[in-house]
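You will see two complexes here that share subunit A, one where it goes with subunit B and one where it goes with subunit C.
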Partner chain A sequence: MTTLAPTGFVALSGALLGIGIFGILTRRNFVLLLIAIEIATNAAILNFVYFAAFAPSAPLGISGQSIAVVLVGFAATEVAVGLAIVLALHRAKGTINVAEVTELRS
Partner chain B sequence: MDALTLAAPFAPELVVLAGALLVFLLDVAGVRRLEVGGAIASAATAVAFVLVIADLGFAPLAGVRTLGAGRIDLVPGAGAAPLYAFSSLGLVFQGLFLVAAFLVALASLGRPSTERGAPIFYGLLLLATLGMLLVAIASDLIFLLLAIELTSIATYLLVGYTRRDPRSLEAAMKFYIVGALSSTLSFFGASLLFGAYGTTNLYAIRAAAGTVGYPVLALLGFGFLVAGLAFKTTLVPFHAWAVDVYDGAPSEVSAFLAGGTKKVGVFAFFLVFLGPVLFARAGGPNPFSGAPFDIGPVVQVTLAAIAVLTMTVGNVLALLQKEMKRMLAYSSISQAGYILLGVTIGTAPAIAGATLQVLAHVLMKTGAFLVVAAVASLGVGPLIDDWRGLGAQRPALSVAFALMLLSLAGVPLTIGFVSKFVLFSAAVEAQGLYVWLAVVGLLNSALSVFYYGRVLKTIFFDPAPAPRATGAVAGAAGPPPLAVGGIGYARAAAIGIIAVAIVAIGIYPQPVLGPIQSAASHFWAGGP
Partner chain C sequence: MSLPEVAFAILAAVAVVTAIAALLVRELVHTILWIAIFFVDLAAIYFLLEAPFLGVLQLGVYAGAVTILLLFGVMVTRKRIFSRDAATGIGPVPALLAVLTVVFVATAFGEFPAGAVSIRAYDPTALSVNLFGPNAPWLLLLGLIMLTGVSGAIYLVREGRE
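Showing the complex of A and B:
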């Protein structure tokens, strides 16, 4: 396919990103916040898959799909670190509510 | 080609990786002493630094060169799209990153050796350094962002590595949330650029920046990347997290974050945004001369606005701070604004000036936070007022701190003056509206003199608070193992090296300035 009509698909992934960022900004529970981060990351992965599927040449398509796979791995790594911080926070302060952890204010 | 030939160019990265693995393996084997981890981390970063300097062409080290002369500043062929490319500017940045990591590793030896978590600290420090080294050789957008993530993920944990102090855990949590958000924005921007340009190769994107078939897609992509990378580089309006994180993290980690990992974002800005800026510059010295939605001018004006905002907001808020670490955090934010001027102006001298400003910032900020760590270990409180009279009680430490603050303010005979001089004169040479960027920068420098001066007055001229039980408080926390006047040989050595370097480069900058200028002009001319 030589012509690219990205508007609809970019709008879809843009909406996904918007939902994720809205969640990151409004959620107070750290675990729900991690889920919101995942949703937002998936928007980027979806874009890569989409642009790869409509790529004019094969090597480009393969590179886009490989990037998507790498990003899935990256997202898992990031969440693993997030969960480690949740656990440490729960042990130290007995809460995973972001709004209750506010010692650093001037 | 055998494996050794293939691996040789990556010798600095491999040394740092081996150091990190060694620290973690020793942890599993039960060797958890602070001195062991510190020695491994210092040695690994020092060896890697020597290798990088040798590759840069420093003549006395020609024997340990791992990179053939033909591998540096080589433009990758159009068909080949390698993930990495060795540029002399990248090697300069690798050197700067390694300096920061070495100084932090050395100074951390001054922490109490009974403290738990030393292997985690040094292992993560080396992993973060590895990510920084990879950023400096990246020639692919995804490789670049993943290398930044390696650094980020290691530093999220580094901030909270003590696992007990609720303040540093809170800092780790905030850092993680903001970092995850920013990497998401960066990857989303990268995916849009992939769609617009059909490649993720940075040099291909740079060459085609202004002549893209899908300008709206490209513009959105650059916009998301500006936001994502600005978080990492602590640029206004994406800076708010930095103050809390630098404040809550252990001071050595703050030194590494402010002096080291932040510069990763700077090099990423050079790699990603020089293309559009050069397209804007092709239209003349006036960034507003292009068509209204041309990618180049829009990107350039956005960068200029962010740079001016960052300088001004950082400086004004620094004026209002009462705590030393928060004041240093805001001053670090404003310094990021000066550095961003380099890519905004987009000439070879401006890139050189920004790189020199990065070097200055590595020395000054790492040094300042290390002094804060040392002074805190003497039992002095976090407020600027708590430092009253320190000049009389700790003259050497206070003079070193004064040198760092004077350099931050840009006083002559310090490296901070040289870097600002090179940067602002590049802005003036670029003419047109760029001169105004220099004017804003100079006004901001003048503003910053106020709060640095206030701190110096507090330290040297205000009388000490009456009951100053310095020794007793330090003793209560357990005497440091390598006590030399209470702050430890290691810390004293790191702070001393920084103070000497600030003055030495300030008086005789040519040995450092020359290589940086030639590296910057290679990079600017379209290399890597």
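Showing the complex of A and C:
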């Protein structure tokens, strides 16, 4: 049976969330922004998977894995919609730099 | 250190390095190559955690579909695929926020057992029974959101829309 320390996984998902937040705050290219959001989402999904693996009871753990499966689907939908926005933005403005799209600013 | 611990240390290091590289390289195509390695690496971590169903799902959905979608997004929005972006600065405030996030998570370390804990493995059959049983509302919600997302995406990119 495999044994591992939970703290390593907490550190990994914390680091990935930090990298994702950093990317969301600094990148101006829409595709890079989507990738940063994906990194942060993957940190959350990793949380569900390892807490399921270290869960004290089997029903609790298996529910965690089920929610992780659903979250993967949500994240994939989000990328599809995000890329549709990229295409619409490129068609309308000729750029995918989010700093140049300021029509909704008052 | 046992073999799984060594494997996890290597996989975690690769995950962090590829995530940082994906956000810092200047060519978008290289970014997508790095993020593909990141997704495959996370799938390997899921296999290490004895969650093979999620590992395969990660490989299929992320390393397969999402990577190709992102590559497609880059292909259709640039004149030259390997063109470079202007270098974006790191910026002290976002970097500080990222470090603060890690520190905040690190404060939770005391709540977890310090030593190694044995990993609970689940049968994929039991997972699917749970997924379509007690967690069926979430799956239904996912279906509805995917349907809405696809309709929205088609509306956004359809021909003749200004």
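In this section, the second predicted complex is superposed on the first by the 95 of 106 C-alpha atoms of A that agree within 3 Å, B and C clash if a C-alpha of one lies under 4 Å from a C-alpha of the other, contacts with A are read in each partner's own complex, and residues count from 1 in each chain.
Quick note on the criterion: a contact is a pair of C-beta atoms (placed from the backbone, for glycine too) under 8 Å apart; a residue touches a chain by one contact, two chains touch by 3 or more.
Predicted model only: the values in this text are computed from it and were never measured.
Participant: I'd like to know which partner A:Ile67 touches here: subunit B for first, subunit C for second, both or neither.
Facilitator: both
Participant: Applying the touch criterion given at the start, work out whether A:Ala76 contacts subunit B, subunit C, both or neither, answering first, second, both or neither.
Facilitator: Only subunit C is touched by A:Ala76; subunit B is not.
Participant: So, does A:Val98 touch the first partner subunit B, the second partner subunit C, both, or neither?
Facilitator: Only subunit B is touched by A:Val98; subunit C is not.
Participant: Please tell me which partner, subunit B or subunit C, touches more residues of subunit A.
Facilitator: C
Participant: Quick one: is A:Phe22 in contact with subunit B, with subunit C, with both, or with neither? Answer first, second, both or neither.
Facilitator: Only subunit C; A:Phe22 stays clear of subunit B.
Participant: Output check: A:Asn47 vs subunit B and subunit C. Expected answer is one of first, second, both, neither. What do you get?
Facilitator: In the superposition, A:Asn47 contacts subunit B only.
Participant: Touch test for A:Val31: subunit B only (first), subunit C only (second), both, or neither?
Facilitator: In the superposed model, A:Val31 contacts subunit C only, not subunit B.
Participant: Determine, under the contact definition given at the top, whether A:His90 touches first (subunit B), second (subunit C), both, or neither.
Facilitator: Touch status of A:His90: second partner only.
Participant: Per the contact definition in the header, classify A:Leu12: touching subunit B only (first), subunit C only (second), both, or neither.
Facilitator: second
Participant: Taking the two structures together, which residues of subunit A meet both subunit B and subunit C?
Facilitator: In the superposed arrangement, which is not itself an observed complex, subunit A uses residues 4, 6, 10, 13, 17, 20-21, 50, 55, 63, 67, 70, 74, 77-78, 81, 84-85, 88, 92 for both subunit B and subunit C.
Participant: Considering only the defined contacts, which subunit B positions touch subunit A in the complex?
Facilitator: Residue positions touching the partner: 142, 146, 149, 153, 156-157, 160, 163-164, 166-167, 169-174, 176-177, 180-181, 183-184, 187-188, 190-192, 194-195, 198-200, 214, 217, 220, 243-244, 247-248, 321-323, 326.
Participant: Taking the complex as given, what residues does subunit C use to touch subunit A?
Facilitator: Going through subunit C, the ones touching subunit A are 2, 4-5, 8-9, 12, 15-16, 19-20, 22-23, 28, 31-32, 35, 38-39, 42, 45-46, 48-51, 53-54, 57-58, 61-62, 65-66, 69-70, 72-74, 76-77, 85, 88-91, 93-95, 97-99, 101-102, 104-106, 108-109, 112-122, 126-127, 130-131, 134-135, 138-139, 141-142, 145-146, 149-150, 152-154, 156-157, 161-162.
Participant: List the residues on subunit A that touch subunit B in their complex, please.
Facilitator: Touching subunit B from subunit A are residues 4, 6, 10, 13, 17, 20-21, 24, 30, 33, 37, 40-41, 43-45, 47-48, 50-51, 55-56, 60, 63-64, 67, 70-71, 74, 77-78, 81-82, 84-85, 88-89, 91-93, 98, 101-106.
Participant: Show me the residue ranges of subunit A that touch subunit C in the complex, using the header's touch definition.
Facilitator: Listed in rising order, the residues are 1-23, 25-29, 31-32, 34-36, 38-39, 42, 46, 49-50, 52-55, 58-59, 61-63, 65-70, 72-81, 83-88, 90, 92, 96.
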